[in-house]
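So that you can tell them apart, the chains are marked A, B, C, D, E and F in the order they are listed, and the count of residues begins at 1 in each.
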């Protein structure tokens, strides 16, 4: 539910922002979100930015995935050997 | 101009008459004409009967055409001989 | 078809042809104008001219309400449809009449105008009843024959209390046009029109009767024969005109006695008088402004008058200067004399009034007779 | 696509798969409900279930605002379009939702309804501005994620003074639905639902924050992990739930920290509070009537409320009796257990809520997973 | 799961169903429409191949003929036929007038959202039976759906392929001075049957469309051995326009005899009423034949011996004319041009 | 009267003119439209015959292929093409995927009253140049005009005829377990280029339709000698629907590898945004190839050597499956069905 996508903001004009996802561009509304700057990633739903995406948290989450996986792989390797 | 056709009245319902021309039927208005009876021929224009057609006068006119023509043909024959 | 086929009989035609040939005095020539497009059409469609001697020539008058409709009136109808957003109902004849900006109602329809062909004024009324949310305008054209049905529609709209029906009235009067041809200063400009007599209207006369023509016969010393629209009617009328000319008479005769009386249809006349009144002047394509030649809707019926209801004023638009319609309608020139005939001006792209409907002199010659130009 | 592709990485998936396998205690089984259709969709589309051990089973919750839209609400929209003649704007998702009389908005459109798909509430507003002569109704559906954009549109309509724009509000609230699943008498009727934890909504939580779920964790002693809608997010959340269960914890954890905070989007929350208020009750397809689970437009904005403006009252319509959606939404049955699945009920002709959108449990199994039924 | 359940799809609800956009999407709804409606009605070995195109045998010898017509008639159902059989006859006739034996048809449908499936079924079955009667299978096709207000119920485009035997040469440019002009029957029936159905004209008449496949009649004519120069079906624009086309292609003039033109009295009456000329009204089951003068009688006899040619008539002759006029000696005794149709055939009041 | 005057008709006013009903009436206006616009652009020896149908030589040997498609795209002009070239490519491709050399096309137009002649000219010229580039002449056709509000600018139905050499057997029912599944390039470009032009979706992307005639690519592929079982162009419904059709026809299952599917990043992004799946988005210049396992490499090399196949990829294999499922191993590592398209491809919010 609630199809929404992280999009990079490439231009802002008042309450309207232009976002870019791999070359696909669209004008969206910033009516629900303050303090958006060009270069930010925002999560867009039905043409509205819902929230900003926090790049540090994203990195941390990805790092956690990798860590969990590596631990498990190591564990698995240990079990087999 | 003023395309109009002699049509036979085959039914009357109030101010509306049904006319028939060689099997083609149509409802027309009698708003412009009083005293129309089934069997009458009326001259119809844009769906309205304009006037009744007088059968006697029609006969007379056709007879006149024939008479004029016959006289002329006879005359012409006389000229040639 | 009873009362139709009999009046198209080829054998009788040969007889009348012989009669005309004998009656026509070889030493003189006869120029008769058929006022009505209905006669023009019959002459072209049945090839009547082929049955006349060379010294009897027919001049095609202005008698087609479509042909004489000026550009400015069609422009009004187009503005109603395109700018005012009304549903415009009209007879099929008007759809191709040229207007300003290379438009016509047909082309305005292609540009999105809600323009509908109706067979009868009563059908336009039905459109209004079926579409209460739309303003429906009936673009009313026609001579005295077609005016009474418009009067009936307006009276019915009043009786029904319709708030979305009105009429753009372009009804015109035949006697005024005949007067203009005989009287107007242009006649002098182009030289005396050699008019020896008139074939009088058929269906117009069923309404107005034969009486109105008596003035012309007397005043201008021109014979008038009212004739039906079948080809034998036309030939008989020509024969009657030749005889009047030969005998030096100038009276109104009625060849169409099976449908026309001296008084005409009084009921219809009264209806028209109730709903309409004379305009001071009306423009005719090819004849310019003709005084007292058109009708407008009386004040009592103003709510059904599209000219009152919508902001569309008449703006006169000059005819093409190369167009010879004025001279053709008066019998001074023939279609073939016009530089535009068959080149710039064709039935697909009519320039002047005479090329508009198949009853116009130029259209009739183009459609039915132009083979003769190559003989 | 940055921040998307990284979260779909197959190599990382294998690692998380191994981690879940290791964490899951073989002796017990884990039943987790993903409330959101977004998670259901991710599980189906990426084949996440294939990467889970047999003793970890996902139960697809009622979390798709399209699926839960009851027949009676779609009927209202159809009546607006067909009977009231409004231009009905709606998200593409709702077009195929079954209504009474074998209709749907798509079929109502085929019957002449002016029904238009919009991408955004703002586009519905534009339709109203461009068509001042038409009444435009925005058929608004969605959870907390989709409600703020509707609030913005209503506020803008007010600011613009639009007289032809209104909203048929069908916005619903996720926490109420979660409560119902945990509390409703039906749970007892079908037996205790074996629910060991919840994956919490992703985008709903960007608006309402993680805080509302704390009640469930405490009150019902169920762990909740808020997770993004990418497949790695789902797997990580499952891993976190398995660990909480193993450790006997029941707290709210936030896997989707890159977009969700404890407070959520306060600006959006305030907008929603300004424009909407709670309904006493709202019917959900498959869950029956759920108290305080829907929003209506406040009196202050009554002129933009289609339920005030048009004579369309809500009439409840019973779901098909053979449909097992109620049991499926509570995790008691699987789609394959329903007699109608894949026969009378297919994505082309959905009978129950779970077959409506591609996020419904039945539709997801039919579209992505039914090959497993033959293995 | 039972065998019945697997892949089971609810059959189309022909009674109450309507076309919606999903029937043109390329997905399962479209596949079902094609299978249950089109393929079921048109069934033949070529269609059963189930591919995007049909594979067909190459005829032995002769030349191929290919002709196409889009059909957009309103109303869709009219006395004497409907758009379905019309779309089969119309293209068969264009193939057949080249002297070819029509072999196969393709049929493409453009359906308007909201069109009742019951009407579609009636149309498809009418096409199927016209194709079967004519012995010309519909071997491939296509279906598209357009939004409501962007179509008019259904449009059907058919393309036909046929084969002309070696040595048979028919073409619009082969009319020669002296040739006779024949028509296979009464003029204007189709067009007037359609107009009689238009509510706006408000008249009724016992007129039926003449829609028919003419390849049988043509085979009978050619089998007579008459030296036929040109065949043509005088559809839109009527006999007048068709003869003008041929006159221009062959660089000749023509002279018709009005007296000889066969016209049903109801059609003649309706034409008078509407201010139309039957020479310009459409036919869908009539043939114009231009034949060497010495074979005119023989050709006329062959036409008349066939049920579709019972009212065939010799209506004129070809002559030299650098201006390619088609003219007519009127029944009245005069002469006039019979020109191309100008604009549309519109009912008129003057 | 001068020579110039006689029969002179004012040329079409392409700049300002619009289609009106007279252009479909069968009269002089229609003849002029056909002559000045269609015949002038498509000019070829067959069209010049000037008859209702074209007479064509019978190919020596082989079998004929006949295929038809109605084209109803909106908007009419889009990045990478327009309805004109699309209508040529679409039907050529249906002929070519049968292994046939496309020989001739018919083209039928349904024009909406009010359609600008300038747009029509642009479309007709695009068709003409597509036909010329492909070496497939448009040999016959038809034009109808419908009232405003009963059409959508222009619909074009084309039918193609081609010839398959003896011994070449391609059909949707010839896929066998073990066969490789190839696609000739990126997926979804046409459909997404069209969607990007729809104002209601309000996005822009540098996506061009892939519309192209594939017979050259197909000849190159077949010339490689690879044992090709099935060719198909995955148009409406996309790759997913095309493979389901083939699976059903051949009574087999298929397994795709998501990782191998070529998709342009802009198309992938637009799909994510709208909630669509590129597997269901239409292509108009792509080929699905099912080829014997031992010839897969060779076929792939032949595709890649052709400009239209530069991004060709092996995307899956055929296997036995009594249920004829098309499945996919996801890039993520799971498995799922790739079903027929349900309903329409509608943008969604959930």
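Criterion: a residue touches a chain if its C-beta (ideal position, glycine included) is under 8 Å from a C-beta of that chain, and two chains touch if they have at least 3 such contacts.
The chain list, named the UniProt way, goes like this: A, B = HypC/HybG/HupF family hydrogenase formation chaperone; C, D = Hydrogenase maturation factor; E, F = Hydrogenase expression/formation protein HypE.
Bear in mind that the values here come from a model prediction, so they are computed numbers and not experimental data.
Visitor: Need the graph distance between chain B and chain E over the touch network, please.
Guide: 1
Visitor: Which chain's mean C-alpha position is the greatest distance from chain A's?
Guide: Looking at centroid distances, B is the chain farthest away.
Visitor: Averaging each chain's C-alpha atoms to get its centre, pick out the one most distant from chain D.
Guide: Checked the centroid distances; the maximum from chain D is B.
Visitor: Please state whether A-F or B-C has more C-beta contact pairs across its interface.
Guide: B-C
Visitor: Take the average of all CA coordinates in chain A, do the same for chain B, and state the distance between these two points in whole angstrom.
Guide: Between these chains, centre-to-centre, one finds 87 Å.
Visitor: Calculate how many whole Å lie between the centre of chain C and the centre of chain E, each centre taken as the average of the chain's C-alpha atoms.
Guide: 38
Visitor: Chain A to chain C: how many Å between their CA centres?
Guide: Taking the mean C-alpha position of each chain, the two centres sit 77 Å apart.
Visitor: Rounded to a whole Å, what is the gap between the Cα centroids of chain D and chain E?
Guide: That pair's centroid distance is 55 Å.
Visitor: Using the touch rule from the top of the page, what residues of chain B touch 2 or more other chains?
Guide: Residues 1-3, 5, 21-22, 45-47 of chain B each touch two or more of the other chains.
Visitor: Which chain F residues touch at least two other chains?
Guide: Within chain F, residues 6-7, 21-22, 28-29, 202, 265, 268-269, 272, 323, 342-343, 348-350 contact more than one other chain.
Visitor: Going by the contact rule already set, what residues in chain D reach two or more other chains?
Guide: 1, 4, 9, 14, 37-38, 64-65, 91, 106, 119-120, 123, 142, 146, 348, 359, 374
Visitor: Could you please write down every pair of chains that are in touch?
Guide: Pairwise, the chains that meet the contact rule are A-D, A-F, B-C, B-E, C-E, C-F, D-E, D-F, E-F.
Visitor: For a test of understanding, state which residues of chain B touch chain C in their complex under the given definition.
Guide: Against chain C, the touching part of chain B is residues 1-6, 8, 21-22, 29, 31-34, 41, 43, 45-48, 50-55, 57-58, 60-62, 64-66, 68-73, 75-76.
Visitor: Help me check something: in the complex, which residues belonging to chain F touch chain E?
Guide: These residues of chain F touch chain E: 6-7, 21-22, 24-31, 49-59, 61-72, 74, 94-95, 97-98, 100, 104, 106-110, 139-144, 146-147, 149-152, 155, 157, 159-164, 171-173, 232-233, 235-238, 241, 245, 249, 280, 282, 323, 340-345.
Visitor: Tell me, which parts of chain F touch chain C in their complex?
Guide: Its residues touching chain C are 1, 4-10, 13, 16, 18-22, 28-29, 32, 113-114, 148.
Visitor: Along chain D, where are the residues that touch chain F in the complex?
Guide: Per the stated touch rule, the residues are 1, 4, 8-10, 13-14, 17, 37-38, 44-51, 64-66, 91-93, 95-96, 106, 116-120, 123, 142, 146, 231, 347-348, 357-359, 366-371, 374.
Visitor: Taking the touch rule as given, give the residues of chain F at its contact with chain D in the complex, in rising order.
Guide: Going through chain F, the ones touching chain D are 200-202, 259, 265, 268-269, 272, 322-323, 325, 327, 329-337, 339, 342-343, 346-350.
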